[in-house]
Amino acid sequence: MNIAVELPGLSLKNPIMPASGCFGFGREYSKFYDLHVLGAVIMKAATLQARFGNPTPRVAETSAGMLNAIGLQNPGVEKIITTEVPFLASFSVPVIANIAGSTIEEYRQVAKAFQQTDQVSALELNISCPNVKEGGIQFGTNPQMAQKVTEAVKEATNLPVYVKLSPNVSDIVEMAKAVEKAGADGLSMINTLTGMQMNLASRKPVIANRTGGLSGPAIKPIAIRMIYEVKQHVSIPIIGMGGVMQAEDVLEFLLAGASAVAVGTANFQNPYVCKEIIEQLPYTLEQYGFNSVEEAIGKGIV
Amino acid sequence: MNIAVELPGLSLKNPIMPASGCFGFGREYSKFYDLHVLGAVIMKAATLQARFGNPTPRVAETSAGMLNAIGLQNPGVEKIITTEVPFLASFSVPVIANIAGSTIEEYRQVAKAFQQTDQVSALELNISCPNVKEGGIQFGTNPQMAQKVTEAVKEATNLPVYVKLSPNVSDIVEMAKAVEKAGADGLSMINTLTGMQMNLASRKPVIANRTGGLSGPAIKPIAIRMIYEVKQHVSIPIIGMGGVMQAEDVLEFLLAGASAVAVGTANFQNPYVCKEIIEQLPYTLEQYGFNSVEEAIGKGIV
Amino acid sequence: MQQELRIISKQKIARDTVEMVLENESISQVTVPGQFLHIHVQGHMLRRPISIANVDASKNTITILFKILGEGTRKLSMYDVGDKIDVLGPNGNGFLLDNTTQASILLVGGGIGVPPLYYLAKKLTEQGTVVTAILGFQSKEHVFYEEKFRELGNTIVVTNDGTYGEKGYVTNVSDEMLPIIDRYYSCGPLPMLKAVKERWSTIPGYLSLEERMGCGIGACFACVIPTDDRGGYKKICQDGPVFTAEEVHLG
Amino acid sequence: MQQELRIISKQKIARDTVEMVLENESISQVTVPGQFLHIHVQGHMLRRPISIANVDASKNTITILFKILGEGTRKLSMYDVGDKIDVLGPNGNGFLLDNTTQASILLVGGGIGVPPLYYLAKKLTEQGTVVTAILGFQSKEHVFYEEKFRELGNTIVVTNDGTYGEKGYVTNVSDEMLPIIDRYYSCGPLPMLKAVKERWSTIPGYLSLEERMGCGIGACFACVIPTDDRGGYKKICQDGPVFTAEEVHLG
């Protein structure tokens, strides 16, 4: 069974990678298994300066999902390049850097900074983080803004750029087309949906930031729908994510049009989940009559 | 414990009502309990002519939710007025008519038709049905269109009009403000989120219509967030819905800013759910220190 | 009716196929063949419709047979004897027994469509009707209830792969192997029902249909089946699952 | 480590409070006081962090005590003896035993913060340290493990409503009732920890903190606590849950 996938800048031995923000920089999960088994790793978001993020509580549990408002806490791009990237690269696994910013200029500078290292294979442009006050959500919901930030980043880097789309929009196809036009090499979708939970006893939102991003199986039908719609209107590949828990979910994303799949929230419940999915995937593909991952991509579009 | 609520055109003895499309016209559920216990009933959508709806399968199960693409099947407004409204009215419970259309003219005519009967207390304007090809989604995602259809319906009727908002938008506050400006007496939120599920064996979407509307506990955090945001920007009341399963959920909606709460998908799992919630609600309010429903409305907004 | 039914026995009777006997007074007293239970499986949003395969009114038991197909039936199969399951039912109309004539009846069941026909066969033979059953399965390891049907009448088993009984589909059974038939009752996958309707197009028949359900009681319009080309329809959960062969369009 | 632990006993020991003994070889051998298990409850997305309250390394058992607070702990309380629970652990750093001095130690626990202090008290007394425990509970019916603490050292129970022991908060216990203290260890709700830090501000102390968690292993940054006003932080699940009183800002 051939489960390898070729994407711009990424030769993946399998289509499975941990999603940004759900795997840190791999250190903790490397104690559970050899990260070399992964198709790739998407790192936690990098900003120009170190960020502390939002006040706590930062997470809440929901039905078949969770809310988070971490607020892009990270040690800053320089530190990531000097201490985290080499660690991940030591597993000989392609590293994708997720980059975020409050201004186009910040995005550009973060992207540029990753030119320093040759251990990063691609950038994932997080234009959709709902948990930061400035910038974040604007870039992700306005096609003109999305286009601008994508162009700026493309100018600043030689690396392939995957733009991560926000599902909090009326028209996801319009957003996808805008960033494709701006030169994106691929898409990542979906980021979290903005949600909230009330604490009945304290009479206020559970999450200190009030709103948080909804992830997990609860949002999978929305992810599948958006990928299905977008796939028919763009020619760049899609890294799919949103609620993947098992190999069957991966096949569902492939059928809808994803070329690779990221696993986020599931890592918190089962730290071995990526490894287990990778091991199971060939059997699942076989069970449903596929001879390779490539063969399944977009096969569910009717 | 006072659980009564006063809304434009609706004197509710309690804030609980079945959501449109999830209770038919009450006939089936009336075999399980006396519908008189309900705060109100929202009927299944009415269109001008009878509609058969979409091909089957029309439903699919998802994690903590379901997808549906019924496609507004209904016997047409005249038949609803002559056979269904009198049946529901016989339980002495306020009846809310959910109206839908493909054109502004159709909305206007359906609204006008309900002037014939004095057994309907309010209209719920479904501008957000994602499961019909024409019209539906446009009215629900474009503020100008939403404003126009609301104005047209307000002109055609003396009944209070609750506009039911779609969550499939980038900016829910903008939509809410547009319909408030157009004269809406209240808001209903949220309708379903557009989603999809793949059938791995058949390699195509489970739902014949491909996409369907996602409902159930999976979407509750999105409903709570949207109500919380909208409540701070409008002065008309909100009927909240999306994933309510138990009395605690009702309180969560009240805290976020809803003045009454509709229960949809939960009826399918437990046909007695509305009755049970109504019975439990006073105890839940008491447990969290409230003396009435009115007291809890919007109390979670910080 | 919504009730908690206690599982009093559970048995694997064929590949991926489980027989469960449930205890309940009221449902067992009122059920007619062809009706179904709408079963809530812990952790699942929607209930699962499962036919009633047998009733013992004296012991207050109901038997269901189900195939492990997806998550819901898999979890249901893991319930233990003594556990209770939450069911709505009996739902639907059931087969019209039509006991005015001493007819010769053909029962045609495919796979997991076989169970409701067993309770029907029992009721028909009780009233003196002669039944012939054609039971179709994928392969030998999927066959169940053959003996039970034989006790009630002539029974022909076919398997798709020929590993047991006749090889082929239920509709391949030749007229020579069958008595003169006045009426047939059939339950199984849609392609089979279409073939059955065509094969025995000259005699009256009843078909039990399947569709994905929401409410299971007639309120949500998830399970409609067209009855004509002009928007006519019936709800499988409420007006069915059994229909006369003529009244429904199988597409 | 992720493992399945078998429940070998379950007991209600106070109002809404459950003691569970779990069997497992490897975790019981390596655990130090203050560490926690990150427990998966069927049907829930996120795991629940629960402190290790006792370990019997010879019998390979681990004891946890938890309060039924929400859905997750309610479901956990319904697991039966013999069932297995899926846990990650032992997670976190644990209390520094600091066995260089023969010190006089004060343990201050509030409600469900009491459990980790029990295993700590056992380890401290094993090494010859003298412990005094102040245990605070809401009311009489919430009190647990009083006798077990008494076996290890002087124990003062206080209840908020005065229905048992002294009335008031743990910090109301007057100096006369206490020996000279070299160091304290505390675990309980945040307001209590703040008061404790203030009350015993002149002596070194260790605080065990709580926060809502995602991963529970240091990867997601859900559970950070600031260590200064300049963006410094620690992760409760990985760097904690135990911190020196000075190193964390309780806000």
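Going by the order they are written in, the chains are A, B, C and D; count residues from 1 in each one.
Heads up, the rule we're going with is that a residue touches a chain if its C-beta (ideal position, glycine included) is under 8 Å from a C-beta of that chain, and two chains touch if they have at least 3 such contacts.
No experiment lies behind these values; they were computed from the predicted model shown.
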| task | Going by C-alpha centroids, which chain is farthest from chain B? Tell me that one. | result | D
| Of every pair of chains, which is linked by the largest number of C-beta contacts? | A-B
| field | CA centroid of chain A to CA centroid of chain C, Å | value | 46
| note | Cα centre of chain A to Cα centre of chain D, whole Å, reads 36
| query | In angstrom, rounded to a whole number, how far apart do the mean CA points of chain A and chain B lie? | reply | 34
| field | Set of chain C residues in contact with two or more other chains | value | none
| field | Two or more partner chains touched - positions in chain A | value | 62, 64-65, 216-217
| request: Could you please specify the touching residues of chain A with respect to chain B in the complex? | output: 62-65, 67, 141, 168-171, 193-198, 200-201, 203-205, 210-212, 214, 216-222, 224-225, 228, 243, 248, 251-252, 255-256, 288, 299-300, 302
| field | chain B partner contacts - residues on chain C that touch it in the complex | value | 2, 40, 44-47, 72, 88, 211-226, 231, 233, 238
| said: With touch defined as at the start, can you tell me which chain A residues reach chain D in the complex? | reply: 21-24, 27-29, 32, 44, 50-53, 56-62, 64-66, 68, 70, 73, 206, 216-217, 265, 267-272
